[in-house]
Amino acid sequence: MEFNQLLPLLLEGIKETLYMTVLSTVFSYLLGIPVGVILFITDKNGVWECKPINMILGIIVNLARSIPFIILLVAILPFTKAVVGTTIGSNATIVPLVVAAAPFIARMVQSSLKEVDAGVIEAALAMGSSPLQIIWNVLLPEARPSLMIGCTIAITTILGYSAMAGFVGGGGLGAIAVNYGYYRYQTNIMFITVALLVIIVQIFQEIGMKLANKTDKRIKNS
Amino acid sequence: MEFNQLLPLLLEGIKETLYMTVLSTVFSYLLGIPVGVILFITDKNGVWECKPINMILGIIVNLARSIPFIILLVAILPFTKAVVGTTIGSNATIVPLVVAAAPFIARMVQSSLKEVDAGVIEAALAMGSSPLQIIWNVLLPEARPSLMIGCTIAITTILGYSAMAGFVGGGGLGAIAVNYGYYRYQTNIMFITVALLVIIVQIFQEIGMKLANKTDKRIKNS
Amino acid sequence: GCSKAEDKESDDKTIVVGAGITPHAEILEQVKDVLAQEGYTLEIVEYNDYVLPNTALNDGELDANYFQHQPYLDDFNQENKTNMVSAASIHFEPFGIYAGKTSSISDLAEGAKVAIPNDTSNEARALLLLEAQGLITLKKDAGLTATVLDIEENPLNLEIEEIEAAQIARALSDVDIACINGNYAIQGGLSVSDALAVESADSLAASTYANILAVNAGHENDEKIQALVKALQSEEVRKFIQDNYDGAVVPVF
Amino acid sequence: MIRIENVSKAFQTSKDEIKAVSHINLTIEDGSIFGIIGLSGAGKSTLVRCINLLERPTKGKIFLNNIELTALPPKQLRKEREKIGMIFQQFNLLEQRNAIRNVCYPLEIAGVSKKEAMIKAEKLLKLVGLEDRMNNYPSQLSGGQKQRVAIARALATDPQVLLCDEATSALDPNTTRSILDLLKSINESMGVTIVVITHEMKVVEQICNRVAVLDQGCVVETGEVKDIFLSPKSRIAQELILPKNKGIASLQGKRIVRLAFDGQSSFEPVIANLVLKCQTMVNILGASTEDVGGKAFGQMLLQLPDDELAIARVKNYLDSIGINYEESDVNGI
Amino acid sequence: MIRIENVSKAFQTSKDEIKAVSHINLTIEDGSIFGIIGLSGAGKSTLVRCINLLERPTKGKIFLNNIELTALPPKQLRKEREKIGMIFQQFNLLEQRNAIRNVCYPLEIAGVSKKEAMIKAEKLLKLVGLEDRMNNYPSQLSGGQKQRVAIARALATDPQVLLCDEATSALDPNTTRSILDLLKSINESMGVTIVVITHEMKVVEQICNRVAVLDQGCVVETGEVKDIFLSPKSRIAQELILPKNKGIASLQGKRIVRLAFDGQSSFEPVIANLVLKCQTMVNILGASTEDVGGKAFGQMLLQLPDDELAIARVKNYLDSIGINYEESDVNGI
C-alpha cells in the first residue's frame, strides 16, 4: 500500500482507537466503580455488610468475566442495537467492550478499596458517617492513587480488547494491525500500527502514573 | 450432538482450560513478579531508584501490552517453537498467553507494591536491609493480600484469553464455546460450556478471596 | 447514532457492504471508482468474523455482504430463520492440501498430524477434501457442517488439529499435511501449484463454494445492487483477480 | 450520661481467646471528666471503643443518655455517634486530605456548608497551634502535629461526649498543658463529657473528676480522683499513682506519710511550718507538686522521725491545717 | 561517636519550603545517653532520622565513628546502618508478621540463623513483658504492646547506637520505668550510645547524660543534663523544664530559689534541716523529686522569706551541703 493511502488509514485508526478506548474506559468506570464499591462494602466486615447482595453481584461479575468476548459480543447484539442504534462500527464495539471491561474494573476497584487503612474507615464510622458518605468522602478519595493506577492498567487492557473491533466491522489501529498484519501478511503496516499503539499506551501510562503519584499525598516529596 | 459425544468433549475442555490457565498463570507470575518488583523499586523514591532501567522496562512492558494478542501470537511463533517445540495445541497457546499476561501482571504487582506502607519500608532500610532483602522480606509479604487478589483477577483474565486457544488448535472450554456455540449455532453446547467457565471462575474467585482475607493479618477477626 | 443507521438504509446512493478481509474487501476496493462514476458511494465494512456480517445484513445495517458461499448462507438462514439470498457469484477460492513434514499423501504414517481450519464452512470443506482423498470417511448426514466429531472411519488414526484458517500456513512445519484456503496459502508463501491436492475450478466444489454477494430477499434487483453486481463481474475485476492472487482466487463469472 | 453495663469484649485469635475487657460496669456523669488508667494492654482502648461501638461488646449494654446504643439500628446509631467525638491513639487521619480538610470532615458529614466548615476548622486549628500548617497533608506533619489535627477534628462538631485515647501522648509538656486547658475549658463552658485514657498521672490529677483503674480487663477501682490518688487500694493503682521508691530497703520499719495537696494554697509554707512548729525533722523522699493558679496540687512523701510523740505532733498539725495525708507502708509503695 | 556537622534539612511543600532542621552541630559521645527535647514540630524526629540517613540532609555531614555516612555508597551505608537500632514514633511494624517474627526481622537480615533468631527474639519479648503475645500480629496488639515490640526489635541486633523516637510515649509509668531501666542497663553493660527523643522531662532526668534543646529546627541549648536542668538559659528550655507556675502574680518581687537534686541522698532531710538551722520559713511552690536507689533526683522551687539576712543564711546552708541552686525570677518561670 502506498503512503498516501496509508496515512489517512492510520490517522483514522488513531482517531477511532482513541475514541473507542477512551469512551469505553469512561463508561466502564461509570459502571465498574459502583459495582466495585458495592462488592467491597457488602463484603464481610464491610461498612454495609450484606452477604446475599455480595454473592449475587459477585456471581454476575464472574459471569460477565467468564464469557469469551466474541460470544458476549453476539449475545448482547440486541442490547447494543438498542443502545447505540447499530450493530456495526466503532460505536457497536463500545457496548460489548464496556460490558466486558466493567466487571474487570469492578474487581480492580474492589482490590484498591481493600487497601484503604481500616483505621481511617473506623474514624469515619465513629463520626457517624453513613455508608454513602464513607464511600464518597473516605473510600474513593483515600484509594485515589491506587484507583488511578488501576485505571491506567484498565485502559491498556481495553485498548487491547479494542483490537477485536474488527469482528463487528469497527476500526482502530488494533483492527488495522490484525486485518493487514495477520490476515494479509503485510508486516510493514503491522509494524507501523503496533508502533503507534505502543506510543499511545506509553502516553496513557505516563499520564496515569504521573497523576497517581502527584495526587498521592502519602508520598513524601523529598 | 449426543450426550456420549458431548461429555468427553467437555471433560477434555475442562482439563485443557485448567491446564492452560493454571500453567499460564504460574509462568506469567514467575515472569511478572520480578518485572513488577523491578518497576517498583527502580521508580522515583524507590529503594533502588534507577531511572534508565525503569524507563526501558516500562517501555518493554507497554510494548507487550500494546500488541493485539493475535499478532503477538504470530510474532513470537519462532520463540514458541523454540520453547515448547510446536506451534499448535494447548502448549503453543501457553507461550503467547504468558507473554501477553506477564506484563499485565507486572503492572498489577507494581500497583500492589505501591500500597505497602512507606514507614515499614523505611524501618527495614534503617536496619540496613539490602534491596533484595526488602523485596523478599518486606515488599512481597506485606503486599501479599493485595497480590493474591491481583492473582485472582489475573487468572480470570488469562482464562478469558485462553478462549483464543482455538487460533492455534488449542482446546479448552473457551474454544469449544466459540467453535460450537458461536460458529455452529449449537446454543446448548455454548450454554453448558459458559456455565462451566462461570463455575471455574467462581471457584478461582472464592479461593483467591478466601486466601487473601485469611492471610491478611491487618484484618481484625472480630 | 440512531439516525445514522437509518440514513444509510434509506440512502439510495450509498452502498454499505460487509466483507471478509481478503480477498473480498480488496476486490471491492477495485470497483469503488467505477461506482463513483455512476454516482454511488461504496462503503466497505471489514469483518474477520463469519456471523456478524449476516446478522448486520439481516438487521438492515448492511445493503449486502460478500464473504460466504451458498451452503453457509443456507445453513445460516435455516438456523436463524432469516431470509437472505445470493445476488451473484463472484469468485472461488480453491482449497488445497499442502505438505508439511510429510511430502506426499501416500507417505502419511499412522497417527500423522493434519491441520484443518476451525470455522464451520472451511472445516467441513477440508474434511470433505480429505474424504475425497480417501484418508477418512464421514458420516452420511454430516455434509457441509461436518466437524471432526463426524469422522466415522479414520484408518490411519490421523490426528486432526483444528486451527484458525489464517494461522495454518504459519503452523505448517508442525504438522504432516494441512488443508489451507488458497489465499492464505499464497500469503503464507506457498504456491497453489505446490499443493498435493486441490479443488479444481471446474469441480462441483467450485460451484458450491463460490463466494456470493448476499442481500436480503427482495433486494436482489435494487438498482444499487445491480450496479454493484455489474461492477464486480466486470473484466477489470477478473483481470485484477488473476493478476493478484496467483490461482488462489478464481473468478467464477 | 454514659452507662456501661456488664460489658465484656473478647477477641478470637488463632490460638486462644483474649478477654480484653470483662464484666465492666461504669457510669460516667454528664459534664464530668472521667479518667481511665491502667497498664499497657489493660483494655483501656477497647473499653472506650466499646462506648461508641467501634468494637461491638461480646456481652453487655452501652447507654448514652438512657438510649441503649447496643440495641440501635444502624441509622440511629449514626445519629448518636455524631454526638460523640473521638481522638484515636493512632490518630487515623485521612491521608489524602490536608489538615484543614481533615478537620472539616465531620462537619461536612453533619451537613455544615463547606464555607462554614472551613471557618470553624481554621478556628480550631488555631486553637491547637497549627495555623501555619493547615494546608499540609498528614505525611508532612510531625507526630505531635498529627495528634493536634486529630484533636481539632474531634472537637469540630461540638460533641456532647469526647473520647480521648491518649490524646496528648505525642505532645511536649507545654503543648499538653495548653491542650488540657482547652479540654477543661470546653468541659466547663459547654458541659461536654470527656473520657480520658492516659498514662500520665498528671493529666488525671489536673483535669479529671473521677477515675477508673483497669487491670487485665477489669475495673479494680473507681471513684473521685482525689480519693483514689490519696489512697489507692489496688496494687495496680498504687503502682501507677504512687511515686515509686525503689531500693530504699533501709527505710524498712521507718514511718512514712503521704500528703495530698488538692488545691491548698501553696503560699502557706506547710512543710516549713510543720518543721518549725513541731520542731522535728522530716525528710522529703519524693514530691510531685505543682502550683496551678496559686493552688498546690500533687503529693509529697515524707519520712517521719522515729519518735512517736513527734509523729503525733506532726499528725495533729496536718489535721489542724486540713491537709489530707495517709500513713503508708514502704512495702506498699 | 556521632558527629552532626552543620546539618540542615528542608522539605518542599507545594506552597513553601519548610526548614525542619537548620545548621545543626552536635557531637554525641560513645556510651552516652543523649536526650533531645523540644516543642512539637521542633524538628526532633527529622534530626534523628538524619542520623541514619532515612532523611538525606539537604546540607551538612553525618559522621559515625569518624566515617562520613553522608558520603558512603549504598552498600557501606547498609553495613553502618546495621549498627544503628531505631525505634520509630509510629512503630512501623511489619503488619503481616507476628510479634516474634517482627523482632526476628533484623536478625534475619543480619544473617542469624532462624532458630537462633527466634531464641533471641523470645528473650527480648520477655524482657519487654510480652511473652504471652509473641504470636499475635500488630493489629491484635494494643498501642503500648506495639511500641514494646518495636523496642525489642530495635535491640535485637545489639546495635552500637540506638535511636529512640518517643520510645515510651505509649507506655504507662510502670512499663516506662522498666523500659528505661532496660535502656540504662544496656547502656551501662554494653556501652551502647543512645539518642532519646522525648517529651517527658522525667525521662531525660532519669537516664540522659547530655541533652540538646531544639527550637524551630535549631539547637538553642546543649550540655550536661544537670546543668541545663538546673539553669535552662533559653526560653524554650525554661518552658519545657521548669515547673510551670501560672498565676502567681502575687509572687512578683518575692525571692525564689530553685534547688536541683542530682543524686544527693534523700535521707538527709534538706528542707527540714534548712528550716531548723536557719529558723526561717520557706514555702515549697512546686516540686518534682523522686527517689531512685536511695538518691534524690529532681527539682524544687522554694519561696524565700523577704528578710535578706535569712536569705543569706539559707544560701550559706545550701552551699555548705553542696546542693545546686539558682535564684530565679518569677517572670522567668
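Order as written gives the chain letters A, B, C, D and E; numbering starts at 1 within each chain.
The rule is simple: a contact is a pair of C-beta atoms (placed from the backbone, for glycine too) under 8 Å apart; a residue touches a chain by one contact, two chains touch by 3 or more.
Everything quoted here is computed from the prediction, not taken from an experiment.
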Selected interface, A-D versus B-C, where C-beta contact pairs are more numerous: A-D
Relative to chain E, chain with the most remote C-alpha centre: C
Most distant chain from chain D, judged by the mean position of its C-alpha atoms: C
Inter-chain centre distance, chain A versus chain E - centres from mean C-alpha coordinates, in Å: 54
Distance between chain centroids, defined by C-alpha means - chain C, chain D (Å): 86
Sequence positions of chain E contacting 2 or more other chains: 11, 13, 90, 140
For chain B, residues that touch 2 or more chains besides their own: 74, 145, 182, 218-220
Chain C: positions in contact with at least two other chains: 51
Chain A partner contacts - residues on chain B that touch it in the complex: 44-45, 58-59, 62-63, 65-71, 74, 104, 107-108, 110-111, 114-115, 118, 145-146, 149-150, 152-153, 156-157, 159-160, 163, 174, 177-178, 181-182, 190, 194, 197-198, 200-202, 205, 212-213, 218-220
Chain C - residues contacting chain A, complex: 1-5, 18, 21-22, 45-49, 51-53, 55-56, 59, 61-62, 166, 187-188
Contact footprint of chain D on chain A as seen in their complex: 117, 119-120, 122-130, 133, 137-138, 141-142, 144-145, 215-220
Partner chain C, residues of chain B touching it in the complex: 1, 5, 9, 74, 77, 81, 86-89, 166-169, 175, 179, 182-185
Chain D residues touching chain A - in the complex, by the definition given at the top: 52, 54, 75, 78-86, 88, 90, 92-98, 105-106, 108-110, 137-140, 157
